[in-house]
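Next, two complexes with chain A in common: one pairs it with chain B, the other with chain C.
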Partner chain A sequence: MTTQSGETPLLEVQDLCVSFVQYTSCLRQSTLQVINNLSVSIYPGEIVAVVGSSGSGKSLLAHAVLGILPGNASFSGVISYDGQALSPKRQAELRGREIALIPQSVNYLDPLMRVGKQVQTSVHAGNPRSRQREVFERYQLSPDVDKLFPFQLSGGMARRVLVSTALVSGARLVIADEPTPGLDDAAVAETLDYFRDLADQGCGVMLITHDIEAALKIADRIAVFYAGSTVEIAPVQDFAGEGEALRHPYTKALWRALPQNGFEPMPGSQPLPHELPAGCVFQPRCRQATSECSTERPAMRTVREGMVRCIHAT
Partner chain B sequence: MLLEAKQIGFRYERDRWVLRGVDISIQSGEIVGLVGPSGFGKSTLCRILAGYEKPYEGQVLLDGAPLPASGFHPVQLVFQHPEKAVNPRWRMSRTLAEGGALDESLLGQLGIQQEWLGRFPNELSGGELQRFCVARALNPQTRFLLADEMTAMLDTITQAQIWQVVKEVARRENLGVLVISHEKNLIHRLCTRVVDLTITNEKT
Partner chain C sequence: MIAFLCKKLLRFATLLIALCVLSFWLVSYSPLDPIQAYVGADMTRVSLEQREAIAEYWGLNKPPVERFLHWGSALVQGDMGTSMIFRRPVADVIGERFMASLALMSMAWLFSGILGFVLGAIAGMKQDTWVDRLMKWYCFTLASTPTFWLGMLMVIVFAVWLGWFPVGLGVPAGVLAEQVTLADRLYHLILPALTLSILGVANVALHTRQKLVDILASDYVLFARARGEKGFLLFWRHGLRNVAIPAITIQFASFSELIGGTVLAEQVFSYPGLGQATVQAGLRSDLPLLLGIVICSALFVFIGNLVADIIYRLVDPRIRKGESA
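This part shows the complex of A and B:
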């Protein structure tokens, strides 16, 4: 699809749309489309960071890939894993085996189960005990940690246990949902190293985050979400200087709003799903917008080793 | 005005001090950063300064006098998770009214749109909700604002928007501001002075 066109992507999402059925009043139903024509792909050995503000549809993408969207959701589009389209049945088979989720909070550990045992339940091939020990060893978790309960772990240890769960499962695609907020610098660096490590072993990693700085430290490519759609997919090197190499005006604005890059705010806010503007979703806030921008929603197109959803991008 | 905490000691459990012997002072018009690793009591110190917790040891003084026990609290705290700081069953106009009479122009500056006032919290995004929490805390009687990871959950654009407004209000109203953040670049950009809790806190 993009840079490494010779290879089959591990995960390929094409034109994903997700909508929810809601009750507006009494028995009146309405459909709310929250993800529109979203496309992204991940190759083996690659970390793709998905960045965007809250409400841009990042977590829903993860849920759609895993097949755990709530009952009132419906989706269209194609999600393929290893070149094969995913059906709900196949998703259930792959979940926890081939595709693992590292949840955002350490509260997802079972509070009543010793962590060693807990990690062993995720092992699908080989000896669970030795596999778990091997991975704990690698993350400097000593044998007495095996017997601890989650509440006895520090935040950093709990995070290593969560990552171990994904590692022992032998998953080839790891989805990490907001793993860093609230952690101090050392803990963030440590967490990010684990993901790099997973990718270096040939896994594909999808790192979902609103923290663009964390994403820049380890990702190979960055997918930028805005109002339920991908507006740009850029190689990480393009995030430099004044953002000249970036393609979409929203990505440039995100980059320039960083405290170390000018701290320039852009007026306005992301539209809510039921009040999306006509044409390009970013057009009301865009300085380069022309009349064509409000007539048709731009398609994703390739521009200089990346992809962008803007008719003016060069 | 001067907000000062003297020799603060606090613990949630016996024999496990979270804070011990902590001194901090903030002058009106100053923007001070508060840094330290997770678990060093940054948020607890904020809760004490804003009057949510009583310290076991030491005292908090505003111009040499204890904090007022009733009426509008001159030290206001904005939390990291706005969705946990508003009543989910109230429309936003009611949440905003909790902060008392408010400078109407502030809503415009913060980019709060009129139609959001009639909405419930689950109909707004985190960034939109946090704007309400900031507006609620910036009553004209507020003298000190404590921002506990106020923009950690927000995208960079919203973060810059909110801080631009807060800085402007702080300058105009001569507020003292305490910024707690793990983001070094944000602290560098905003603060004139930084307090490191790893140095100040003598808990162990």
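This part shows the complex of A and C:
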């Protein structure tokens, strides 16, 4: 849909909506739409970063793709893998085999199971033991590490173990959910290298993060997540200079808020899922807003090799 | 580990002393006359001199503190005294009664533990389905059922109406002790053991269910699902080992409830175990026996808790490795 228009994308998410059923008082029930009309696609060998502020429901995108949303959630939209729309049954088949999740911390490992064993459970082809050893070798994890329990891992080891779970599975699509929380610069660089490595082997990588600087270092394309949807999908080269190549006012503001680009603060805050404005979700904070902006919600459209959800974007 | 054991033992010793003093003090304020309890109904035929002789013989005429110290010093030397109502050494009475109760309790304990764990695990895996709701309803109903009431119900239904099991006692009536077979004993054991287990199930099952529900909502299970695990495999790999430790722990820590339940169940089924002896000792002011039983049951409960603690330490790598590191 953008750069590699000839190929079929590995993963294509179209108009994804995820909502939760909530009980406000005893019998009153309401639905809360957390993700609305989100679209994103990933090609083999490519890293796409989904960037949005923390706690904005980005993780649900990963869970929706994997089909592991909680019971009180429902979703609509089309998720296709390899050009084929995914049914819940197909999702169950692909989980862990074709699509792998890299979680954010060691808490996602079973506390009572040795890490070597746990990584082995992710192997689907070949001898689990030797496959796991091979991958650990590659990440310089000594044989002693196999026998450790998650709580005994150092931060660096834990990250390599978590990445290993994806690598041994042989998955072609890797979704990394917030993999660099609170890491120092060296650790972030190290983690990002693992993803580049995965992509260079032909995997598609979806990097879900709040850290735009980390995303810019590694991703090929950036999808900007705002108030439950993607407002812009841009090639990473567009994030340059004053941000003149960027399409959406929010992306521009985000770019200019970075320390090296003038540290220009952005007034206001993201609207919560239950108080989205009619029309464009960014309208209350947008300087380019016109009266049309508050009447209808802009659709995603292609502008110069990228996608944007803004009626005035050029 | 050694330090941990010492600390536990020390705490137990202090607890035991406090318990003995308290029981002694309570019984010495009992309105029952131990001499009358000792002699029984024929009180009128006992002269004053005889009364005094009895009191002298059992040391009942001395002040309580002196009696307590006397009893305590004998205990330290390994002598638990003589039971007034059985007229045999307390150690013998307890030994015999304890074995009978042990059979009852271990059967109930094992059965309720296994059944409770399985029920809880199923309910947890099937959270919020009708299976789960049925299980919860069953457990909450049981948790609020008194033991003696359930025991009487069991007797009425299975012993009186259906006639499948004997109404009470530990062995058939009118049969010589040598002729009582193991099958006879088991046959008499089933109904009281069943009563105790049915009640014990609720505790383990509800606990296991709650733990499993928590585990299934955890991050590591979410990740396991993301790796394609589900159903029984998921339970086997991640549910079982994480839920087993708390379940085993709670089962060992429930020895006190087990004893409490046994006392009542034995009473209903006239089962000649420790529980029945406790009631008799209490009602007839048999101080040496009562104190002996108090010590033994406290020891029993203590061992249960200790085993629970030790298992926890041995099985959970976070504690095991954390200590050695």
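FYI, the second predicted complex is superposed on the first by the 312 of 314 C-alpha atoms of A that agree within 3 Å, B and C clash if a C-alpha of one lies under 4 Å from a C-alpha of the other, contacts with A are read in each partner's own complex, and residues count from 1 in each chain.
Following the convention adopted for this analysis, contacts are C-beta pairs under 8 Å (C-beta built on N, C-alpha and C of every residue); 3 or more make two chains touch, one makes a residue touch a chain.
All values reported here derive from a predicted model rather than from experimental measurement.
Chemist: Have a look at where A:241 lands relative to chain B and chain C in the superposition and call it first, second, both or neither.
Modeler: neither
Chemist: Quick one: classify A:149 as touching chain B (first), chain C (second), both or neither.
Modeler: A:149 sits against chain C, while chain B stays out of touch.
Chemist: Counting only touches as set out at the top, which of chain B and chain C does A:108 meet: first, second, both, neither?
Modeler: second
Chemist: Scan A:122 for contacts with chain B and chain C and give back first, second, both or neither.
Modeler: Second partner only, chain C.
Chemist: A:97 contacts which: chain B (first), chain C (second), both, neither?
Modeler: Once the two structures are laid over each other on A, A:97 reaches chain C alone.
Chemist: For A:202, is the partner it touches chain B (first), chain C (second), both, or none of the two (neither)?
Modeler: Touch partners of A:202: none, neither chain B nor chain C.
Chemist: One more residue to check, A:169. First (chain B), second (chain C), both or neither?
Modeler: In the superposition, A:169 touches chain C alone.
Chemist: Using the touch definition from the top, say if A:185 reaches chain B (first), chain C (second), both or neither.
Modeler: first
Chemist: Where on chain A do chain B and chain C both make contact?
Modeler: none
Chemist: What residues on chain A touch chain B, complex-wise?
Modeler: Listed in rising order, the residues are 51-55, 155, 181-188, 210, 212-213, 253-255, 257-260, 263-270, 272.
Chemist: In the complex of these two chains, what residues of chain C are touching chain A?
Modeler: Going through chain C, the ones touching chain A are 128, 219-220, 222-230, 237-238, 241-242, 245, 316-318, 321-322.
Chemist: Across the complex, what residues on chain B touch chain A?
Modeler: 37-39, 80, 111, 123-128, 149, 152-161, 163-164, 182-186, 188-190
Chemist: Chain C touches which residues of chain A in the complex?
Modeler: So the residues of chain A touching chain C come out as 63, 66, 68, 71, 92, 95-97, 100-101, 103, 105, 107-113, 121-122, 124, 149, 151-152, 165, 169.
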